[in-house]
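Paired with chain B in one complex and with chain C in the other, chain A is shared by the two complexes that follow.
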Partner chain A sequence: MDTRLHRFVSGPWPFIIPALFALIVMRAFPAVWQIWLSMTDMRLGDPGSFVGLANFRAIFGSSAFLGSISYTAIFLVFTVAGQMALGLCLALILEGDYRGRDIYRTLFLIPWVISGLVAGIMWQLMFVETRTGLLNAFIGQFGMNPIRWLSNPTNARVSVIMVYIWKGVGFSMLLLSGGLKTIPDELLESADIDGASAWRKLFSIKIPMMKEIVSVNFIFATIAALNSYETVLVLTNGGPGGATSLIALEMFRTAFGESRNQLGRGSAIGVVMFAVTLVFVIIYVRMTRFGKENY
Partner chain B sequence: MKLSRLLSVLILLLAVPALVFAGGGREETVQVEEGQQLVRVLVPRWASTGDVRVERQVAFQSVIDSFEAANPNIRVQEVISSASSYDIDVATQIEEGTVEVVWVNNPFYPTLQARGLFADLTPHLSAEDEADFFQWTLDALRSVNGELGGLWHNTDVRLFFYRDDLIASRPDSIEAFLEIARDIRDNEDLAPFFLSLGHTDGFIPLYGVFDALGGELVDDEGRPVALEGQNRAYWEQIFEAMKTMFDEGLIPESTAVSREAAVVPLLLAGEVASFIGNSNYGLREIEAKLPPDEAARWQAAPTFGFEGTPGRGVSGGWVFSARNIDDNPALQQAAIDFVLHATGFSAQRNTNKAGGWTPTRASVFTGDRFYSEDRFMVATAEALENSTIRPLVRISPIIAQVMMDAMSVYLTTNQSLDSILDGAARTLQAEWSNL
Partner chain C sequence: MALRGTPLQRVRRVTTRHLVAIFATLIFVYPVLWILLAAIKPDVEIYRQPLSLFPSRIDFSIFQMILSRWPLFRFIMNSLLYSIGAVVISLGFALFAAFGLSRQEFKGKQTILILILMVQMIPALVSVIPIYLLMRQLGLYDTQIGMVILYSAARIPWGVWILVGFLNQIPRALDEAATIDGCTRFDILWRIIFPLSLPGLASAAIFTFVGTWNEFAIASIILRSTRNLSLPVATMTMIQADPNDWRLVAATASVNLIPVLIVFALLQKHIVAGLTRGALKG
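== the complex of A and B ==
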């Protein structure tokens, strides 16, 4: 075999090229293309023309978009905090060695695995606001009046956050369970001998020891929440009155919803989302030192 | 060479063509003999022989078979698209010339027709056909640039569905209905009425009320005037009527966020006395899902407007269009012939029945027993006689979204109607200037 060919085949490139090719085609090209689109007035079926920053001026002048930024911020804080807190609780509960532990773990993972649209349809049926809606029928057993889960703006905001916590908690549980397993048994046994309480062990040993995993969970949960739209699309479509409109949903509605087909404007929203996500990605990359050992 | 390295190289060699040739729709292989024309027809899966429902498979296959039997020099190939990306498929395949005929949803038609992508069917339509299609379908299609860029295959119209044990007959006006609804609220344990009010689904019937009042969404240049002058007064009247229903408990509060389909759980649970919905709800929901004795209580009628204005049905639907093919007259003629065939009497009768849709030819309603006798179809035909369609201009979907967002805010917050409509008017003008 030719020496150069042999060197190529026996080197790293046969492994790198497929991944590099896929990254360029699937990631880099669409990202660059999206930035270009955001500076055009392209619509589906109409190539449009270059409009500079007009789309960005339009979205930052739109009350719907600004409203979606404010709810997205609230949504991110409560969804990520809720998913991580509940995920940690579940990970701690499932830490013990008892019968059926794996079955429970699988059950808690199911919401994370199912499609966002299916989750939305399922919760929409549970949130039916008459007395026969599943949740209202349940609370009715305790003599409570039906609740306006989705038609009251405040309740709708809370309901959407609840659903997303339910959906993402399995992922946090999985990551944090892995983190708990990395804590050396000797440390916990020493703490037991010293008479440390369960709380003390949690806050002084377990959480500090899995700081890296907690941070990764935070970053991943934030990015996932920022890009969420399918479930809320089905649940409320951003309503009532824009109360539950997320940035990603606003992008979808502009680019594809209701035959609007404003691809250029939708791409501009996507570029803004990309910039915000990039901040979290950079934090993640720096934190993990791009694959190098951190300690 | 190690096996793993050999495999890596092979994967690389296979991945490149696989990625390059990865495509969307499924194409049936059709054998074309010399001298035959091949007409490729782009359709969504749910309106094709690839649908899981046997009745649709049979109906769509019969359209192709009968066309090929009548035109031995033409073969037809279905290009079946995934419905989730259908508009994208239509745009790209028309642009690239990879199909000759498309089935297109009417709100997307003006964008393509304004660019001259479709063949003008006017010279090919007989006087008999011209008279048979509902006039509004032809008018709407010609409204973009004067040419007939397609033929309407199926439509729908919003109907007022009501239980005849609670509502004796269709009310004449919204004012009359309010009295009936209040009586139901006070004496029955169910919601008197359901109408989607926080979603663009709800804009369709409300546009019917607006149109009947004399309102106009856009001027002759396509500029939105929906919230100017008298038009704004009409919308104020409509918004206030809906707010009255909402505040008085005549309509469930969930309507502030619901799509039209959200009525189905209430319908099945027996928790609603009346609703406005798509004309196919009679067949798809009431007849199909309720026990026969309960289904028999439900009637349908054309929608109604305010006192003194009769109300107006608003339609939608899908259109068959032939791509403009300048360099191949024989293929152009074959594509046009297929469009005429697929929207003809027999094709419309069979495919619409299989799909649960509504035909666009008056002759199907009179010439087919099902369409002339089924009580829901009789009501549909009555509503279609006086129906209209939202203007086929690009700002239409945006107007619908802005108005229904405004409605949802008005129903669920304490903001004044004036400030909400002022905001909506500003948004519409900004959108118009950006188009």
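== the complex of A and C ==
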């Protein structure tokens, strides 16, 4: 046998190539192809022709897309901040050994393991706007009037964010719990001896000591939030009047909506989403050992 | 970390924690419990006493109604096929790749690991349009085999990451000893690495299963025919046909939920381990 071929066959590549091939065909190729698609006016059954950057000019001139960008930005900030802040609270509650801690942890994680679709369905029922709707019946017991949870634009924006915080907070709790465990006990003990308050310990020791895991949490939560689709699809389908139209919804609607079928323009939205996601992925990769040392 | 302070302070601190934790548990668990129990309530109770959690009597009639109109078992079997197919195929590919990536140093290894990490972190959702067109081109649109292939490929990166972390901890000296004994690399993979990596494979399998079982967005554009629908896509279809029947909504959602809750209750440690290995061994 040819020695180069022999070396290749006896090397690591024959084991890696099948997985690599699958990833190239099913993930890398679509990502690259989408850049081309975003520069065509393709529709289903019509390959379309090259239109340059017309799709990008069109989406950045469309109020629907700009509206979805602005809600997505608000959504990102509040969802990620809410998940991380409440996740930290839960992680702090679960600190230390006491009876029942593991059960609480399991229960806190339930929203995170269930599907986004089911979460949406569940909360849609909670948000039913009549007096007998669950949340309205609950607040009615305290004499409050029914709230239009999803049919009022501002309320809908808040409701959607609340549901996504509910869904994702368990993940933050899990990461931050892991982070809290890495803080050496001696450090906290010596802070106790110095008479440091709980707040002081939190902000001067715990958070700075786990800033790496906080950053990881931030990046994962942001990428997930940026790509939110099914829960908001069930809850509001982007309504009322586009108030809760997240960018992924806008992409699906442009490409697959009944009357739209604009695959090229939808691809342009996909490229924008890809680019923004990629920025966060690159920040993450640089934070890992790959960015720091030669692995 | 142990709780510190005087006994009184400790009692007070633990009590506060319990109170906050119980409050949080209510918020997290109440909607899930409500929907599970609403599916077996008599119809009128749902609307008349929405806040009462437990049914006065158990009533499965909604499931009879669903079964008379929809091939519910077919949807469940489809979802099992897609999920288990993705588990087996993606982990097969991933174990091979992790073996190649963990047993020796070579040029390009770091690049491959970074690329796999990046693919893992970028949701397939951003490429949903080209994936849809690709499936059409390959004749895999609205087919069961297409769905299995798509889900398998999508889950390979997680599998590789979890398994590389695991395999790196298996001493390479074992391979050398086995080679001297005349084992081929396939023998090493099958007889030594595979049994030793079973805990890692278990984490990856459970993680993959739950992720695939829950997936909706991509399946919703690839699957069209009723006979091919995965459970989440079918759930959406069933609910849209009758959105005001809360019992139907609760029942279909429950069918999605119960397997995930069972897997999670029994194998929670593996899911958590799979997540931390996949996400944090960076």
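To be clear about the criterion, the second predicted complex is superposed on the first by the 270 of 295 C-alpha atoms of A that agree within 3 Å, B and C clash if a C-alpha of one lies under 4 Å from a C-alpha of the other, contacts with A are read in each partner's own complex, and residues count from 1 in each chain.
Following the convention adopted for this analysis, a residue touches a chain if its C-beta (ideal position, glycine included) is under 8 Å from a C-beta of that chain, and two chains touch if they have at least 3 such contacts.
On a predicted model such as this, the values are computed, not experimentally measured, just so you know.
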{"item": "Combined model on chain A: chain C and chain B, fit or clash", "value": "clash"}
{"item": "Which of chain B and chain C A:G241 touches, first, second, both or neither", "value": "first"}
{"item": "Chain B versus chain C as contact partner of A:P18, first or second or both or neither", "value": "both"}
{"item": "First, second, both or neither for A:A73, with chain B first and chain C second", "value": "neither"}
{"item": "Chain B versus chain C as contact partner of A:L109, first or second or both or neither", "value": "second"}
{"item": "Touching partner for A:M273 - first (chain B), second (chain C), both, neither", "value": "second"}
{"item": "Partner chain in contact with A:M144 - chain B first, chain C second, else both or neither", "value": "neither"}
{"item": "Which of chain B and chain C A:L187 touches, first, second, both or neither", "value": "neither"}
{"item": "Chain C versus chain B, contacts on chain A by residue", "value": "C"}
{"item": "Partner chain in contact with A:F220 - chain B first, chain C second, else both or neither", "value": "second"}
{"item": "First, second, both or neither for A:L125, with chain B first and chain C second", "value": "both"}
{"item": "Colliding stretch - chain B into chain C, listed as 27-35, 81-89 or 117-125", "value": "81-89"}
{"item": "Touching both chain B and chain C, residues of chain A", "value": "14-15, 18, 22, 25, 124-125, 132-133, 256"}
{"item": "Complex contacts: residues of chain C adjacent to chain A", "value": "1-4, 14, 17-18, 20-21, 24-25, 27-29, 31-32, 34-35, 38, 47-48, 50-51, 93-94, 96-97, 99-101, 103-104, 106, 109-110, 112-119, 121-134, 149-150, 152-154, 156-157, 160, 185, 189, 210, 213-217, 221, 232, 235-236, 239, 246, 249-250, 252-253, 256-257, 260-261, 264-265, 268, 271-272, 275-276, 279-280, 282"}
{"item": "Interface residues, chain A side, partner chain C - complex", "value": "11-16, 18-20, 22-23, 25-31, 33-34, 37, 89-90, 93-98, 100, 104, 106-111, 113-118, 121-126, 132-134, 137-138, 141, 166, 170-171, 174-175, 178, 180-181, 183, 185, 188-189, 192, 213, 216, 220, 223-224, 227, 229-230, 234, 248, 251-252, 255-256, 263, 266-267, 270, 273-274, 277-278, 281-282, 284-285, 287-290, 294-295"}
{"item": "Residues of chain B defined as touching chain A within the complex", "value": "1, 5, 8-9, 11-12, 15-16, 19, 87-88, 90-91, 94-95, 105, 107-108, 111-112, 115, 117, 191, 198-200, 252-257, 259, 262, 265-266, 269, 271, 394, 397-398, 400-401, 405, 408-413, 423, 427, 430, 434-435"}
{"item": "Residues on chain A engaged by chain B in the complex (per definition of touch)", "value": "9-10, 14-15, 17-18, 21-22, 25, 41, 43-46, 54, 58, 61-64, 124-125, 128-130, 132-133, 148, 150-153, 156, 236-237, 239-243, 253, 256-261, 265"}
